[in-house]
């Protein structure tokens, strides 16, 4: 009855392959690899956010908290314990999942309350990590420096892999029973329970997955940046960008966040490079315009015409 | 096929790059491109734009004279500044630094103001083997190992800033000291240095509090500090912290015999406008050029000339320290281009090292360490002493080599 | 069929914000039996369904299903044990198609549901791909029932399924519920419409202000003075 | 130690009352329109720049910034409301979309301030609000703090009177209680909401007048922290209740000042920790009365 | 008698679902009309469409001869409609405040006079005027909802299920109260599933599946087989 797993995953596999190809070849054409790296980072973050918001309806304003946690976990393990970079990176998502578990009770809140409480949680993480009293542990306000493992090529390659992995996770969410269950929960949690869906557990699972994605992105970002201060990985801007990009593309789909982040981040940089004086102004106007005229995201141009978007 | 052509193009571009890197006199560029970033908004906007203005000021002057003399080509070449707005964001700064290096293929990169926005450029510069001209990124952490790709040209490493302050306090036998400092690299490292220096002479601060970098409310803190009865209260913050601190101090009605803040010495006009001359009187700061004058310079303009020239191009405005820092970065780059036999990053770095200890500019003696740290240009200590007409005179009270008057200690109340 | 009750409620009580909605509720249900649950608006009928299905948890008393206490179990765990329900206001997954609505329930309950048969039961054959959002209110009601059937329930709680249906539809749904019961599925049917209930069962429980005031046949209920007062008050 | 404690408490009360004013406009807008005004802090800053302009360019007392804030709120708020709010409310997820829209608006306001005034901090003369100190319980605080707290109390009291004593105020609360029922009652929901929006902006602007006094200076770029702190305060208090917001401000002010006195570097944590604890333990806020839903 | 409300082929719905299918209806001045129908028949949607809370997708609605189809609810209510929803009150507002809002378009003095009249009509509310409406019992809330609707002084009042959520003893109370309202020159359109309300009505309509199935005088409806069939589900099989 049901299509084979391959058939269901096909669109995801193609998308992942295209992304891998594009980002592997792009540095040959346009060698500002930092920009490409940041674009991938935002694709991953928007997609990670989409896993939560697009499939469960919880919008985490404080998503950057997981990103920063992952970045710091990796950097500190390299700095303090001299772990090999691979192991340190693996610790990034683990750390952010631990944070997500601790913050699990926030999922009891709804709507704006969840979002704002999550924002507060990310600020708490930032203030604690950047606090001078914890300087010996976290580096405090001095930030971290792991330039001994700095490797832009390898970290770039790792981010390409992460883009692929996240695309596949999103495909799983979009095309699997698990994802269908999440959608059902978002539609109606009571009815979902009555369909034997373990609502609380699955919501937590989506939350942990989303956190792990941000943690891993943070870990790779830390590796790629190698010298940074706490606010570089805890700035609210990262949450806001991920949210704006995901919504711009269209949440609840796989392609939406990819297109949203890719297009809007490219546009952001195009404005920044061509019109530096009016950078902020133009970007602000653009965002306001998007929400007013395309509130359902750019993919709604297709879905409105009845085209089913992957 | 297409891919083949593409590969060929890439290979050729790479070859061209290598050739440009090892450039000989073969082909002189029509302009020298200097890439930099500034913050149009955000936390660092004020200082960042001041530094950018200084650099622009230099470029304008150099171009008015037909460009910068490049020894490798034995001719003057005009300079062009390529600048982007990083909005005080490190991630935006990262991509824009890379844009300057990889797309605009600038000849030299000048980092944005301060350690935070400089930090992300350091690994990028190293990766692309570009010399990073760092006017104001002074975090001690940057200068731990030898590098050919970093040169802090305009202000000393923040760890050495407070050395004269510590010495001065020791000289004045001030032992009960209170410190309030911001939780950031710039202020934290100064506080650490101060405390380490005090420890050497057996002094432990009677009041020692880190505050959040965004702290703007000092009224209650000042009251707590007063309860410890310090002979000297030192506040180490960013510009908005200093403004809030001095305003709170004035309106609180509290009085300390000795008060030190960082920024009035660098942005005197701005501080006077914000907190009023009354709030600044008898306080101490690091006087930076143009407040202290370096008459005998052997590169570029001396302080007075700089102030005059700046006024001419900026409707009579008085430059601040960071303006001078931006200008200083320009003249040092020019000097490096004018002396290096090869127009390469390594060549210019070597030239900058060779100048070390031999040059004095508008911001003072220039001394570059092999790790890229700036060791010259120590900031003296000055006190703002009120004059009869109500204006404030900046009196350098330490060290003796720059001294223009005696400190009035304890400062009179009221 | 054993004569052991499949469901037993003992001294069940529930209140919301200080308002006692149910007190001292006791009754049993035998396998394959259909029990009517009637009472005026606000008498606590839906609360009984909510407590059995786990949407709410009782403050006191016990609920035993198939020999085990279930009052502390989550709703989805109870679904897996074989309890399901329909909702008075149908709660379909509106972002999904008809088929997906049923599939998702079948999948998560682990029940190997015969989806075409269910679609046939609920009269939505041929509409598998229709988005649930564009079904009529009555079709959504049927889909809600189909979703419940897809989990392979042993006990089905039916909440006011007749409301808004015309006589022909009511007859149809009564027949359907009878067919379902004939498969050995026990049922509690909350209903306003006595005639409708009459087609399904003779055994009813009457609730009033959160208490059971009558248990017996529908026929007897209509002659019970307490029931008549509770139902028709002074208005009829 | 006792003196320090007293000083921190009195200071915290004054500071907290002022922050009640900072947050109350956000509360009103969130309560009535269910939109998240992420540009709230920017409107506070605009008020600060307005006062600076009044004082610096017109040579007037900065308190003239208060009527200017009201006027500005009408001029900006009225077209802004009709341009964005009704559209947002028709959308799929107004709360979340408003978050992005107002983030964009914050960017625009920031950019306009930067282009118009430059990036510098601006302060106002202390003398304009007295310049001396006033002591209570032997604890001296600058005149400007007392003026700010006084104006804040009056503004919040005024809002409370508006909400509880006037027909439009009833209508405003009715919309907070149930928008649909408000429509059904014949309330011109859009007009009443627009007025609430304007009042919210005016209160933010009024708070901005005192920012240079309580924060030393005003400058573009402090908007974010003002907005997040305001959110914390309105949730510590209660949604829709101006008196609750005042109370939330007090909890924040006293908490922060006590923390600053004893563990200064952690004082930033106060609003956020309070917020998280309160939403988990008592989501209706400290001041909210649970309404029974029968 | 002249027609106050004329409803002509009104259509409405939510999203992809159409609920109302060409509904026609007339309410004359001073008349009480009962809109009967079981749950889900479309009564609430019709009322919401008439008062402007739900967009009208087709047909016209006229009040006193004026086409109000395109007006918003506030404009319609200003023209003399009032609506008592199933919820009926603002739970967080006091009783006095609820009443004041009922007379939203009137002056303070006028509202005060009418409120006093309401406290007379509903004496149970008078001592609680400063209490939150949320603290009232279900029956009292219905009273308040009715009083709030009456406060407007509207010529045409729509009531959605005044009996819902009430114990039978309260239902009769509501009916008694409504008897006091009728005859004051106000037109009432009462949507109910409780047939007991028929005793109040001059005429009635029966809705079924979003359509007007039957209409007639009270006597006609009482004796109508169609009503029995559709409504009680009896008689269908003979």
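As written, the chains take the letters A, B, C, D and E, and residue 1 is the first residue of each chain.
Operating definition for what follows: a residue touches a chain if its C-beta (ideal position, glycine included) is under 8 Å from a C-beta of that chain, and two chains touch if they have at least 3 such contacts.
Given the structure is predicted, the values throughout are model-derived calculations rather than measurements.
Asks: Taking contact as defined at the start, I'd like the list of chains shared as neighbours by subunit B and subunit D.
Replies: Looking at subunit D and subunit B together, the chains touching each of them are A.
Asks: To get from subunit A to subunit E along touching chains, fewest steps?
Replies: 2
Asks: From the centre of subunit E, which other chain's Cα mean sits the farthest off?
Replies: Of all chains, B has its centre farthest from that of subunit E.
Asks: Measuring centre to centre with CA averages, how many angstrom lie between subunit C and subunit D?
Replies: Going by mean C-alpha positions, subunit C sits 50 Å from subunit D.
Asks: With chain centres taken as the means of their Cα atoms, state the distance from subunit C to subunit E in Å.
Replies: Comparing mean C-alpha positions, subunit E is 31 Å from subunit C.
Asks: Using mean CA coordinates as chain centres, what's the subunit D-subunit E distance in Å?
Replies: Taking the mean C-alpha position of each chain, the two centres sit 42 Å apart.
Asks: Centroid of subunit A to centroid of subunit B, CA atoms only: how many Å?
Replies: Between these chains, centre-to-centre, one finds 36 Å.
Asks: Using the touch definition from the top, which residues of subunit C touch two or more other chains?
Replies: none
Asks: Residues of subunit D that touch two or more other chains: which are they?
Replies: 110-111, 114, 265, 268, 292-294
Asks: What are the residues of subunit B that contact at least two other chains?
Replies: Only 40-41, 183, 210, 212 qualify.
Asks: Okay, in this complex, where on subunit B does subunit A touch?
Replies: Those in contact with subunit A are residues 6, 10, 40-41, 83-85, 87, 89-92, 94-99, 102-103, 115-116, 119-120, 122-124, 126-127, 139, 141-142, 144, 182-185, 187-189, 210, 212-213.
Asks: Tell me, which parts of subunit C touch subunit E in their complex?
Replies: Where subunit C meets subunit E, its residues are 40-42, 131, 133-138, 160, 162-168, 170-171, 193, 195-196, 209, 229-236.
Asks: Residues of subunit B touching subunit D in their complex?
Replies: Per the stated touch rule, the residues are 39-43, 45-46, 49, 88, 180, 183, 209-212, 214-221, 223-224, 227, 239-241, 243-248, 250-253, 270, 273-276.
Asks: For subunit C, which residues count as touching subunit A in their complex?
Replies: Subunit C reaches subunit A through residues 53-55, 74-76, 79-80, 84-85, 87, 91-96, 100, 103-105, 107-110, 115, 144, 147-148, 150-151.
Asks: State the interface residues of subunit E toward subunit D in the complex, per the touch definition above.
Replies: 51-53, 73-74, 76-78, 82-83, 85, 87-93, 97, 100-102, 104-105, 108, 111, 132, 134-135, 138, 148, 152, 165
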